[in-house]
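Both of the next two complexes hold subunit A, though its partner changes from subunit B to subunit C.
Up next, the complex of A and B:
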């Protein structure tokens, strides 16, 4: 290649990537640096004044009561939702992978929650669990309950409703991912196991699970990243308040409330978001390591 | 053995059908409630078929509600524009990373990698301040601009062009087409399947986005459908008009459902690619 042509390619290359780089440069790179800067300051949004306060925002994270509540709510949410959704997705995928008729219909139905916006889903679930909603009515009719439970306004239940909605809506998506990967597992492996007289359960434990390990890592990471940042459902459920009695207050919601509320706590909120990222990275790293080392053979 | 297998198959079907019903149940109720009168909904009957089916909720949304039609239009506007910009920028960037040799390429590569890894929560506040500085609060640019490229699909397009033979493009170059001409007239059309795949997922993401429109759009007439539906929740002093809210939720699902049925192949393709990461 001649020198001239190569020079032309540099210009072309940068020409092609510059619009995208402009966007990433401003809204990702600059924003990361800016976030760090904000996190060391007290920000007054109205006067635009940034007062340097060192590590104060970070220190406050560990003593702020509401932050602690939000943290434990979020951790509880992750700890319940991620394992259940992963295991359910894996089991359902291996069931659906069997040679059956009507797979397309099933898959289409299972994909519905993935297509639906969190806003519409949350509204539908709030309706289902409302005082006169079908869940309460069903339980009353079957004599499971003597009187309706106010799921939406009872701090004991509010987060659990969101958990069940989240599991219900994400399992099919992860199942589809597993299913796509299962199609790559050669049939001969299962046939060999059949010859050896393996039961369905043994095949699941000894073939399906180990073969899908890389996908499981991916599903776990997606689950962890998604659930730690859960915002939409909590916001819609509580109309942004995190109620009842802070029971649906997640870290992401608390960041939003601090950043865009009336209290000039934007710096504090930014520090929280950085800490949240550190937590997400750490947990993801541990989950990945655990999934790799755990020997199933 | 054979009989045992048959029984096993029946159990599988029962599991699948049971799970399908479990998945459908909330949607069926939403659809059912949208055709019921408010009175019937709060009466708490367990009938899925409405006693007196009515289009009242839909009529109210489309004729009385001053903003509902606008919300649908706004959502479409943001989705279509956002998807177009994304497809062009992602494809151009992916193409350059796959086909062109230039200084600083590895730097770009890292920048894209970082944008995949950094959690959205960290970017939320600085992005807001930047948008505010640009004077773009309460505008659709605030939603489209920060999401004008998608790092995951840049990688996907790069992968596509790496695996795709160069010969056709080289022939075009010999015929005298410049780099841009080659890209728009040859390389882009060749990438149709990959472009369709990213389009459906980007469209879906814009359509379902809640946080950003909630944060940036303060004018109710500018709301997107997701924020609009949420705002319907308690607007009558704490009493939620479930019939209208359910009708609005059902309507918000229709375009995506149609997209899914028509472009099913590309949805599945996207998932396969995601799974391979």
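Up next, the complex of A and C:
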């Protein structure tokens, strides 16, 4: 009887996951397998031309100068954005977790950028940073600058504008996650620290940060994945060209440029996306290992 | 009881997913087979026998437009269905070329779809467009520049539905038409823009421009120069091209002209409508935009000043192409013939406020009497089409990429263009 009951439960379990498995299988798994297949071929999907060329597409990734530029841009982007957004999110969360008056209002206001679409945000930032825009005007009026800076058309600044926008718009999201996690930190630990005469800063460094480590791992992973795949902001910012001087060319944009439009190099594009996922996987793995929560107590 | 219920629920879920996947194909298979049979029969019938096409359906793919365009398109469809009895299903795309390419590969693309002249060489090379007979589609009545924009070797792959050209717009509040220099050399190299700027209020620039081959090609190629060599490779570094682009770049370096992005606006029309610039070179699509958003701005339109003693402008055209894999060849041809015929084109162009590609329709609809459109129509005679092979995307991309460095002085113009050429050719070569 019990065995039959177990069997029934197993069947029921499989039955419940099968709809999701089916959908994921068709729309995700087969696509990944097919992309892997394409990446070893020179393909023309319009005419159905497939020629097996082994690792040629992968080799091209390492000799292609544009791809190298795209890779370094993306790595730079990740290296700047991820730490800053994580630290800012943590600090803001702990500030908003304190007994402030009107903290709910602040929480709502801070969360707004996350709700806005990144396409709209990009347009707003392009306006803010334009030659005659508010940022330049403010800096001129305060005598910080003698001459307006062409943020959008100067390779030295273009990616930094996107970085600042990305940090500004993702911090609130991670802040919310930290805020939720902060509710779980036992109050008794803080009270014990108070008894020992710890300052607010000491409490933050020695209690809040270690307690939130598992969440930090999650935030880092999400940040790394999101920033490595940055596409829309660079696309809108440069009108799809990755300019000026390739300064906003990201790997995802380079993949798009090779897959669609007049370039019919789907094989190379899929090879790049597979390399990108390997890179993301490796970096995430390292980040997770580095941040591994040692014994908390 | 609970268990039975959950089993039923699970069964429903699985069933729902399975049928959800299957249903369309079940529905489609028999009907598409019968359609194929019918169309086979049709082609045996006489071709112009329209009654045999009655009750057929064609799918037309296009991108969305403004309200006037949507209304004009619907009106044209109604006229077509009334005349031929063929039903039309519209399919509107937002990211047009990406979505259309996916559908062409998947075999679900529409029977007839918009083809931008710029993308025409790419699509015809992939063999997804049906070649069209110039006599059958009456191409003799079209402007040559427009019908040739869809020509590859000796065959035509789409029929132009309308077009746009660039012209010079000036704000009447600040600019006298008679003061505007008659050559681009004078305009950019002379003092006109500098003296004009002194008379303008604070925050208003004399002129905007674009760093885009789609806007710069007619003077880049002036005097027989070419930005392309050996059919596919970039030759932006060519000394003649460099000299042709120099007046523009020098003017930009001297801050006589600025980009709309410098002014914090998305495009020329925005900057001009908001009165942040006194002059701009823009296409006739800006006319509807001005009427809708800035009806109070008084402006005039003239042909673009000559360059190297010759008139020049860009022409952008979009045509109807027929999917090579369509099962409704005759119905699709009937649609293209109607939409690009005298009747359909008149409905579309007058309703949408665009320029007719047929000379006879231009005469019949008296579009030339519109003083705003006249300079644009005049341009159709001598314009350079924005279409130059299958690698223009890469070439223009590198141009946009490196031209800012020539303007901010980091590179010389020769350097920047040479770099743009080399980078483009590297990519083109690797893609072969």
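Please note the rule applied: the second predicted complex is superposed on the first by the 268 of 297 C-alpha atoms of A that agree within 3 Å, B and C clash if a C-alpha of one lies under 4 Å from a C-alpha of the other, contacts with A are read in each partner's own complex, and residues count from 1 in each chain.
Basically, contacts are C-beta pairs under 8 Å (C-beta built on N, C-alpha and C of every residue); 3 or more make two chains touch, one makes a residue touch a chain.
Nothing here was measured: the structure is a model prediction, and the numbers come from that model.
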item	value
Side-by-side fit of subunit B and subunit C on subunit A, or clash	clash
Contacts of A:123 with subunit B and subunit C, given as first, second, both or neither	both
Touching partner for A:176 - first (subunit B), second (subunit C), both, neither	first
Partner chain in contact with A:203 - subunit B first, subunit C second, else both or neither	neither
Touched partner set for A:60, first subunit B, second subunit C, both or neither	second
Which superposed partner A:42 touches (first subunit B, second subunit C, both, neither)	neither
First (subunit B), second (subunit C), both or neither touched by A:160	neither
Which of subunit B and subunit C A:261 touches, first, second, both or neither	second
Which of subunit B and subunit C A:132 touches, first, second, both or neither	both
Residues of subunit A touched, compared between subunit B and subunit C (which is higher)	B
Subunit B and subunit C footprints on subunit A, overlapping residues	12, 16, 19, 23, 26, 123, 126-127, 130, 132-133, 239, 260
Contacting residues of subunit A [partner subunit B, same complex]	6, 9-10, 12-14, 16-17, 19-21, 23-32, 34-35, 38, 92, 95-96, 98, 100, 106, 108-113, 115-128, 130, 132-134, 136-138, 141, 168, 172, 176-178, 180-181, 200, 215, 218, 225, 228-229, 231-232, 235-236, 239, 252, 255-256, 259-260, 266, 269-270, 273-274, 276-277, 280
Touching residues on subunit B, where the partner in the complex is subunit A	8-9, 12-13, 15-16, 19-20, 22-24, 26-27, 29-30, 33, 41-46, 89-90, 92-93, 95-97, 100-105, 108, 111-112, 114-115, 118-130, 145-146, 148-149, 151, 154, 179, 183, 204, 207-208, 210-211, 214-215, 225-227, 229-230, 233-234, 240, 242, 245-246, 248-249, 252-253, 256-257, 260-261, 264, 267-268, 271-272, 274-275, 277
Parts of subunit C lying in touch with subunit A, wherever the complex brings them together	3, 6-7, 10-11, 13-14, 16-18, 21, 97-98, 101, 104-105, 119, 122, 126-128, 203, 258-259, 261-266, 390-394, 397, 400-402, 404-405, 407-408, 423, 426-427, 430-431
Subunit A residues within the subunit C interface of the complex	8, 12, 15-16, 18-19, 22-23, 26, 44-47, 60, 64-66, 123, 126-127, 130-133, 150, 152-155, 238-246, 257, 260-265, 268
